[in-house]
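Common to both upcoming complexes is chain A, partnered first by chain B, then by chain C.
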Partner chain A sequence: MMKRNVLAGVSLTAMLMAGGAYADTVKIANISELSGAGAAAGTVWAHGVDLAVDEINEHGGILGMQVEMREYDSQTDPLQSRALVQKAIDEGAFALLGTVYSSSTVVNMLVAQQNGIPQFTASEAPSITQKGNPYIFRTNWGAQKGMPKIGAYMRDQLGVENVAVAWANTEFGKGGHDSFVEIVEEMGLKVVADVPSEQGQADFSADVLRIKNSGAEAVFIYLTQEEAARFLMEATKQGLEIPKIGDSVLTSEKVIELAGPAANGAKGHAALTIAADEPRVQEFAAKFTDRFGYSPDYNAMKGYIGAYTIKYATEMVGEVDSQKLADTVHGLCLDAEEYPGVLIDMCWDDTGEVSRESYMVEVVNGQEQVSEVLPAN
Partner chain B sequence: MAELLQILVSGLSAGAIYALAAVGFTLLWQASQTINFAQGEFVMLPAFFVLAGMTIFGLPLWAAILTALVLSLVVLGAMFKKLIVEPMLPHGTLPLVIATIALGILMKESVKEFYSAQGQPFPPLFPQHVINFFGASISIQDICNLVVAFAAIISLQLFLGRTRTGRAMQATAQDPRVAEILGVDVKKMVMYTFLINGALAAIASILISPVYLAKFSNGETLGMIAFIAAIVGGFNQIKGALLGGLLIGVIDNLAAVYVSAEYRTAIPLILLIVIIMVRPQGILGTPEGRTV
Partner chain C sequence: MTALRLLFLVAFGLALFIAPLGQGNYIIYVLCSWLIFSISAMGLNLTLGYAGQISLAQAAFMGIGAYITALLTMAGVHWIVAVFCSIGASFVIGLVLGYPALRVQHHFLAFVTLAFTTLVFLVLRNEDWLTGGSLGLVGIPRPVFGPFDTMKQLPFYYFTVVCFLITAGVMAWMLHSPWGRAFKALRENPIRANSLGLNTTRMTLLAFAIGSAMGGLAGALQAPLVQFIEPGSFTLILSLKILLMVIVGGSGYFFGPILGAGLVVLLPEMLRFTDGYYLIIYALLVLVVMIFSPHGLIGLGQKLLSSFKPREERGDLKQGAQL
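Let's turn to the complex of A and B:
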């Protein structure tokens, strides 16, 4: 009797340790920047994930199993994020969400790759999908995909020849900067001021001054939210009157809130924006605001999309299998009519890179306004 | 010319705020041999007192600022001394340093947890006008930051040098045992120093936040810069901390424009190393004795 009990216990333990496949819950882990310098972006992403997971569970979970969500705080530390990805996998996660900061993702995605666990990241550094990792998937496209559209806009619509770049000296910023410079130089534009800034930099007076005196006819701003707001405020103070162009960050709700009137006139090429005239996006924004008490941004949308992508792809596979999930997402296209959790139609290629239509957004009277919808590339 | 003027004004405006935080380092060291590595967070927190007063309790800006000032005196002055410094100081400087590092982390994470992880806009205290001065764009905010910071530091100098209480604080800093024999209430004088530090932190916070925004992590950079400024200027002189702050503000901007924006954060550290090698007591510091 005693021996039988021990055997039963060992078998049960083995089943539990085998992970989500044998349990009545599906284990998913979110590793994000809940503290440290990246806490703003990481927290918003995590809220997007939480909203999606709660909705998924309310509507029957994944394949009839409830999602058991585990949250890990990377502290915006790449090495910590790497250890936590391993911990999440050891604790049975069959798919991962996060991290947001590219400097963390380039480090921790190797652990997910070694363990064969698919990872859905918010990071946008071009290098992430260029390393041949078959388990990494973006929730928004990499910086390199948006740059041709921004370069073409500057050359063809603004008619400028000399441009300046203000960029964050991080993995995220460097990736975007390198892509932008390469593309605009191919287009025949000249980069006359190349101004990096540090993460958390507060004083942008020297940065703006350099750009102002460079003869640039437009500036491309590739900074994180607070830094972008500080840059815009300083640019207004110093009377930098050239067009200010950026990506999703520059015209985001948060930057508008922080920079106030200084954000007016800023233009951004946004893949995800709550200004999009899409009922699903508006519905998501309303639910998010109702629950968390603030407006979502592109990071919240990415977290929401990431969690729902895991659900849809797993249900296509028909079982909780990490390898089959990764195989399924490669080359997958999700129609938002049929799969509303992705908000806007989107596809993944063989590298995990995303394609979806995009928007040119301008800040007018403190509001994001979509001025143009651009096709997917 | 206009470019240099712009750099100087922007650098001095930022430097004046660094100086306020750096003076706090100097004061606490002089009064109680406390190196407060939570000083950056001390400058971060009062802005959130103001924001909480306005958003949660619906106070007007002026009332929220007054409340924040009082809270800063209580929390960053009196409570810091009573709950952290007094119990830890008998165990030596190192445990106290570690305790202040822990306190800084606690303050940072608490603001993130109980208020927000995101940067917050902070209402401007002064008109947002910009004036053109020989081609340089100078905001009223910059000028007012300079004036208020200088006024605070000069008032402090006058208080310490010209009043009976100030001289008693000086005596306490130089030799607490002798001061006590001479009838100075040493404990009270040390408490005054902590209260002054709390007030300076509040002023710095309220001046800097409209430009730098209020964010839980703001203290990380600010604390380090203020610490460097205090060492460069002279850890045992208030005027040294003032000079150090202004110098770092201007050098940071000069380096970003004329040397390299990528390495601008390294320049103050290089300055620190040079000062330690050439003049360990700091530019205006004195090798012997202590004065507040």
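Let's turn to the complex of A and C:
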């Protein structure tokens, strides 16, 4: 009898503990491109998120509760990503991370908005924060914020007048292309070659030839990773000697890996780079490389920052509440000294847009090197 | 119609109405996609399974339907008007494309329709002023029918079910009409059909145009479901996906594309618990089905059924054998 009572007591305690553990978790979902055309970027982002979430859980979770993380593969399909954001919300996620590709984010953020769930995205298309969605937050600034810095760099530092633009004809590329062209034309530069390309395009010989014959003194490259690598390889093959300027994609680890020596000399304007002379960034890079066996890039940093932002902002609110989290992040500034998970000081405005200082990075001997630090705008 | 068949139809209809009850929005969304792709695949089945022609243009017709409905409803036109415009435009474009294209057959037709899909994608992407270019169109309204507002997921599902049932009904009626028999004759033996006085060119063209119009209808439903469309959603990959639905389900069978669409849309969802492996398992399953049953799942089912059924022997032959 005694034995049975003890057994009942133990199982009851176990049940209560299990029930308690269930109640004491915070549900976060990550929807990213783990397969399909965007797998290169999406997987790195997801690894960044994983690293942050595991660290958060090791150090006591959020508000003392463990983070229950769910991952969803959008297959780089906007329709699928929309469905999965719905699924994540149905399954109780109080905040979302993802997606990376802007063409997906622009669709699935509508669902998060309808449900009032804050979403931290890696996407950089200008349109995302211009639609008045109060639940979308970037983890890096949109392309339109980087363009004036790149334009000024080309005009003042390189002294060029005629530029060529090679861009991806997708939501991501078009947004960046449009704001770049508008800004450099305002600055008095002339766009002499405007060369769009397809997602997954393999042959860039005609594109490079057009730029070579256009008389451009510099080329602005706004392509996704695999395409950027192919472009650089073709440029080397055809001996395109003019400066090759891009954003964070052009000098990212993946592009360097794919393009090999052809990436040398490419310059990128990056907000997030492991070449940054910041001990926190270096520490992050070391942890990441140690765990996943390859060097992180800006997408990994974005994922890491996104997950930590949810932690910090939720702890400021003091409870797990989607609406209050969204309200808190609007106008929030996080100092990296106090909040090391954001790596570099950053602020959000009322539209969810981010500002932080940035770097001009050059690829030298297969390594990213910071050539200049540009202030936040 | 046998009693068994009637019973099956009633059960299927009931299941459609019960399926979303108590489910989350996500499952309802997936069920909506299934029904919409079923409509599109039924259209392609008409071209492929009945008229015997391979078309890779079904995605383009869905795109045409989706953009027409999106643009019209965003301009304030009611969905009912917009959907007829979508169907009508797809039908006419199908006729115009089919007339010269069907002079070539089989894989040549596949190439022509492939080029057409690429063309439609390029027009949708490059004509920014109308289609929004690669940024697509966002915020497509869902239809309202008097007091019945489909803005929420569940009412939209029932709205999709009604559209699906109407389409399936029309399709069934058509297949049992002289047209349907002409289509079947065409598939079985075009030369014999021709020699029986059937205008094969006209019938093939008609099957292609009606199939295209159904693609247009599916697009007109997809636009309000997703509330966002972009040219990238209507590329060759989608055409191949719809082709896969028809072939895996069983081309030439009425329920083939419905089953196939279910498999293509729902199976990856069911396999998600296997994490990183789900697409591999899915691809393997499709391969296995195709290797063991080139006639698709319905063909496989019939094969299994007939192996269990005792073979009916003709009495007169049996008698003859005894003589």
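Criterion: the second predicted complex is superposed on the first by the 355 of 377 C-alpha atoms of A that agree within 3 Å, B and C clash if a C-alpha of one lies under 4 Å from a C-alpha of the other, contacts with A are read in each partner's own complex, and residues count from 1 in each chain.
Please note the rule applied: a residue touches a chain if its C-beta (ideal position, glycine included) is under 8 Å from a C-beta of that chain, and two chains touch if they have at least 3 such contacts.
Given the structure is predicted, the values throughout are model-derived calculations rather than measurements.
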Touching A:Ser355, do we find chain B (first), chain C (second), both, or neither? neither
Touch check for A:Ser197: first (chain B), second (chain C), both, or neither? first
Figure out whether A:Met233 sits in contact with chain B (first) or chain C (second), or with both, or with neither. first
Can A:Asn264 be said to touch chain B (first), chain C (second), both, or neither? neither
Between chain B and chain C, whom does A:Gln369 touch in the aligned arrangement: first, second, both, or neither? neither
Going by the contact rule set out at the top, does A:Val106 touch chain B (first), chain C (second), both, or neither? second
Quick one: classify A:Asn57 as touching chain B (first), chain C (second), both or neither. neither
In the overlay, work out which of chain B or chain C sits against more residues of chain A. B
I'd like to know which partner A:Ser35 touches here: chain B for first, chain C for second, both or neither. both
Chain B versus chain C as contact partner of A:Thr170, first or second or both or neither: second
Enumerate the residues of chain A that count as touching chain B in its complex and touching chain C in the other. 34-35, 169
Quick one: in the complex, what on chain B touches chain A? 3, 6-7, 10-11, 14, 109, 112, 117-121, 130, 137, 139, 208, 211-213, 215-218, 220-222, 249, 252-254, 256-257, 261-262, 264-265
Chain A contacts chain B in the complex at 34-37, 39-40, 42-44, 169, 195-198, 200-203, 205-207, 209-210, 213, 225-226, 229-230, 233, 237-239, 254, 257-258, 260
Under the touch definition given earlier, write down the residues of chain A that touch chain C in their complex. 34-35, 71, 73, 75, 78-79, 82-84, 86-87, 89-91, 103, 106-107, 110, 127, 131, 169-171, 173-175, 199
In the complex, chain C residues that touch chain A: 24-27, 29-30, 33, 125, 133-136, 138-139, 226-228, 230, 232-233, 272, 275-276, 278-279
